[in-house]
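Chain naming follows the written order as A, B, C, D, E and F, and within any one chain the residues start at number 1.
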Amino acid sequence: MRILLINPNTSVSVTEKIAALARAVAGDGVEFHAVTGGFGAPYIASRAAAVVAAHAALDALTQHAAGCDAVHLACFGDPGVLALREQSAVPVVGMAEASIQEACRHAGRFSIVTGGAAWGPMLREYVASLGLSGRLASVRTVAATGDRIARDPDAAMAELTAACIACASDDRADAVILGGAGLAGLASRIQPGLSAPLICSMEAGTRAAVAAARASGLDSGGDRAASAR
Amino acid sequence: MRILLINPNTSVSVTEKIAALARAVAGDGVEFHAVTGGFGAPYIASRAAAVVAAHAALDALTQHAAGCDAVHLACFGDPGVLALREQSAVPVVGMAEASIQEACRHAGRFSIVTGGAAWGPMLREYVASLGLSGRLASVRTVAATGDRIARDPDAAMAELTAACIACASDDRADAVILGGAGLAGLASRIQPGLSAPLICSMEAGTRAAVAAARASGLDSGGDRAASAR
Amino acid sequence: MRILLINPNTSVSVTEKIAALARAVAGDGVEFHAVTGGFGAPYIASRAAAVVAAHAALDALTQHAAGCDAVHLACFGDPGVLALREQSAVPVVGMAEASIQEACRHAGRFSIVTGGAAWGPMLREYVASLGLSGRLASVRTVAATGDRIARDPDAAMAELTAACIACASDDRADAVILGGAGLAGLASRIQPGLSAPLICSMEAGTRAAVAAARASGLDSGGDRAASAR
Amino acid sequence: MRILLINPNTSVSVTEKIAALARAVAGDGVEFHAVTGGFGAPYIASRAAAVVAAHAALDALTQHAAGCDAVHLACFGDPGVLALREQSAVPVVGMAEASIQEACRHAGRFSIVTGGAAWGPMLREYVASLGLSGRLASVRTVAATGDRIARDPDAAMAELTAACIACASDDRADAVILGGAGLAGLASRIQPGLSAPLICSMEAGTRAAVAAARASGLDSGGDRAASAR
Amino acid sequence: MRILLINPNTSVSVTEKIAALARAVAGDGVEFHAVTGGFGAPYIASRAAAVVAAHAALDALTQHAAGCDAVHLACFGDPGVLALREQSAVPVVGMAEASIQEACRHAGRFSIVTGGAAWGPMLREYVASLGLSGRLASVRTVAATGDRIARDPDAAMAELTAACIACASDDRADAVILGGAGLAGLASRIQPGLSAPLICSMEAGTRAAVAAARASGLDSGGDRAASAR
Amino acid sequence: MRILLINPNTSVSVTEKIAALARAVAGDGVEFHAVTGGFGAPYIASRAAAVVAAHAALDALTQHAAGCDAVHLACFGDPGVLALREQSAVPVVGMAEASIQEACRHAGRFSIVTGGAAWGPMLREYVASLGLSGRLASVRTVAATGDRIARDPDAAMAELTAACIACASDDRADAVILGGAGLAGLASRIQPGLSAPLICSMEAGTRAAVAAARASGLDSGGDRAASAR
């Protein structure tokens, strides 16, 4: 089983980090082909950067999808995911959508914590486009963007932890998503101080991509997906 | 890894059939503890039967959840799923919700085909409670209820196939769910004649339950879920 | 005219209290057949208890509906009300729905005050299922559950009054519902200190049940309801 | 108990007819003060006529509300009802809202049948303003406006009956409302041929007005409503 | 090009003021025929006054529309605007709708600041009727009604400015509308202290009316609009 | 006054055609700087092409916005419009949003007719993102995409006219939008056979861009927009 892991920003270090985490989560028997965006911003922190990242993700799909059983678009916000699905013969999993679906398996409402203030309205709109605004308790952003958090996670832990706790206590979220490739792996450090379950978006996206690759194989031996296009 | 598979109606034959399918889908390394509803109707085909099934599912959880890593409530319509989640220390997957989430991974809108006219409004209301009415293309029901289809699938194939095709062509669904424990395993027979992907609700629920059991283990070694209650 | 009054929890004392209030509100010419849940919790304060109460209410309907002109399901939250309507030849009034409809006759938005924290999300979801989320100003719960309030109302009056006032002032509700069989009769004590009208859910449910019994008789002499099933 | 019955169009014959029906529905012990709009159209069949009728209804309230326990605004569409509530010390019942609430007591969805094509979009918007679009199966209008139907009901019976049947069969409504003062009393003639319950808007409005007058008296002895303004 | 400017309250001084502003905004080549409501309140600050104003606006349309290319209903809240459109052969612009559309051209959400507490719920309902509740950040009202602000703007500037700032900072509005004929012209004084763009409703309505008059002429030479009725 | 007119596809012939129409609509005193997408598809007829066009539009803004008073993004579907607004110091008008707002000035509901089947779901989603799904009567697409229609309009006239008529008669739209740069100018030929007003998206977008450029100048002399970023 082979999964195309697309990091649509241009930071090779982020790609390497999330590929390592994906391999640890998926375990044996799953191969990841990890690619980095060919152009655009080193981290997505504006609508303009997300527009360019969607284009870079499409290019990555075109060049690297052959031979893969599923695609994981690993940018929280899923830039261009509907266009990738339109063009792809195999399932495409967006990291944000996968996290939100996992959160919805818990009763009630969920919150999102991520880095970079511009993501607040962008993520509220994305949740609305999924039809799930009624289940969104809150989006809370910390000032540091994901790339800065990736470079120096310790500097952001206090603020991230406080935001997660505020989601559970003030906003009454039943589950919290720690969103963003740059924040991958931090959830397990924050969870101990939090009463609500905390979902790492990179782990949730990986689980969903593995399940999608399996579904793709089980349903059809690969024939259906192709013929359905 | 051990999954509690709850069939909340009282038909042991349905329990045996879906347990076999679950084992085939999940493969090695996943154990299923399959239980049948202790009271209620042999098949759920009314609001009243669904109310009783929710109670029976709760009873099954109380008696059998110990030692399981996840719960799969295998009745399309997920009777009592929020109450089970409230009472459970491990994730609870509803067969309908899991199928709908899998369908939403495809762009656009989905339809549901199932047996028994009473399910039409009940499923529309359930989709609305998930916040996803905007993505529902249609619910189409055939006259035969799921238990009758389970006993004599060949008699229902023509009508089920026609309903699936109508979802894709008339209702313009981008994906179709074949819902119900009694219809488990029929999707692969109907798919060849259908342009849109067809999701077997029992397979989708099983995949989601396996993923949830894995998520449960990965996040916490089992400690978090317990402490979060 | 005869109304079946169902208390779906197992507290006979609550049944007696609400039956007395129903008779006082309805006046002469209306007979009440009051029944208590045959199994389940002494008071409904969780999703699990509500699931069991729905089953108990269905059982009560099956055993006691003969000869009645309407049914009043007197648990704020209306567990199983749609299933009861499905099975009943005469109108079924839910206490919560009746209170909310009465509140909606006032311009603008309404709030709900009840006992037991678990009811917060459950009631928000119920209002949403009625299509009325846009008119809900807030749900405020006090810590004491309804059975405790019923046993010692004086101990809860200060907190209930403060919650009602907060609904009107902070949440800008145009009407407030004091919800729950256990809180029946307290509204008249709280109203004097409140600028917005305060609706007692038991009184509102009784009025609606009487009106429904009348509608049932007026429309048809009893024939239509039967033939419409 | 005294109810102000406002017919906001200028047809005295309609006022007399609905007053007679109200007295028959309410029975002894309820007095009706029936008034006719002082200016405007003989029947409301456009947005412009509804705007003028709202003004006429407000004038009627100002002149005639003293000494009444409730107000029944007897034009299906409830022109100006929120403004009347704002100005009134006693509850104001709109005929359409009361009918819709009665329909919602039945599970599922309702349809409306009335006279005059202009009412189609106006009533859809009104249902939306009540938050209940999700429960509206359809609005079907016949060509004849209500005043013409009131003058010669036999000429309209075939078309009205066909519209009601289409609501139940084609639009799958669980209940149908026959709306409009001019159509008052026709429901009992159409019901026998219809599988779904048919609600006469004038009867439903009268029942709700009587219940509101009772609620008004029970809650407060008249003091609360006044002090709440 | 000639625009009918309707002030539906009875204050001639307000009419004169907004006509002067309209002429300044529109520049040469646009003639305004400004009319004052023939009956009703000197300023609209209640639902009842809005109902009467809608009637007065209709009367003004009937008497003065001949020879005009568009109509501007210059009361923030647009009383009766749908009825005016129903009756008018040329486009009808409502001041509130035009302002809201201009605000929506900015990304994200908008707030409204106006005078008179009664407008809060009325404007929330109006925004909902336009389908735009999801984009409304807040409505904030100051105590002084529009006519008092028009007579002594300096007395209200501090409170208006604080409300606008609170919309941008606390409610996170991306644009703010200063609504009301009585507040026309004040936006330019408040804008310098505000980070978000501030829209004067009278200017926005005038721009939209001019554009509508142009559209009316371009589409059809006047023939289409007439034939489309 | 100078408007940047962005055609985000790569067809220079389309750019020239819409620039000519924009100049005819705007008349004297408005200068247009028309630019063509630097990369991507010759016409946008898929989600993937729309993603690339959004990037091309952003690039065009970056290179050409200096000295302009407003931006008109002239692709029906407005690819990237929120990102352009984020980056632009002057107002950005999307052709589709402007057309929809103009349609909403008519009472009731609107339909859209355009070329290319892929636009159906894309436009439904875009209308939803504007909060206006409740006012959308239908989207109807003809098989020919916009570039083919632009090259040979006569071949498409019958199908386009039939679609417009079906929107008004079958879907009961109160206004119809003829959407797409490639269809610019055809509305006036179709209007004579249509009872509902037909809006040319290119004309509506041009009118809105001119109004926005005026608003930009009137509010601030250019200072506000800059300082608000």
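Definition applied: contacts are C-beta pairs under 8 Å (C-beta built on N, C-alpha and C of every residue); 3 or more make two chains touch, one makes a residue touch a chain.
This one's a predicted model, so the numbers in the text were calculated from it and none came from an experiment.
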| Using direct touches as single steps, what is the fewest number of steps from chain B over to chain E? | 2
| query | With respect to inter-chain C-beta contacts, which pair, B-F or B-C, contains the greater number? | reply | B-C
| Any idea how many Å lie between the Cα centroids of chain A and chain C? | 44
| request: Can you check how far apart chain A and chain D are, centre to centre, with Cα atoms defining each centre and the answer in Å? | output: 53
| note | Multi-partner residues in chain A (2 or more other chains touched) are 47, 82, 86, 107, 128, 133-134
| remark: Residue set of chain F touching chain E in the complex reads 25, 82, 85-86, 91-93, 97, 101-102, 104-107, 130-135, 187-188, 191, 195-200, 203-204, 207-208, 210-212, 214-215, 218-220, 224-225, 227-228
| request: Provide the residue numbers of chain C that touch chain A in the complex, in ascending order. | output: 47, 121, 128, 133
| Footprint of chain A on chain F - complex, ascending | 46-48, 50-52, 54-55, 58, 80, 82-83, 86-87, 125, 128-129
| Which positions of chain A touch chain C when the two form their complex? | 107-109, 134
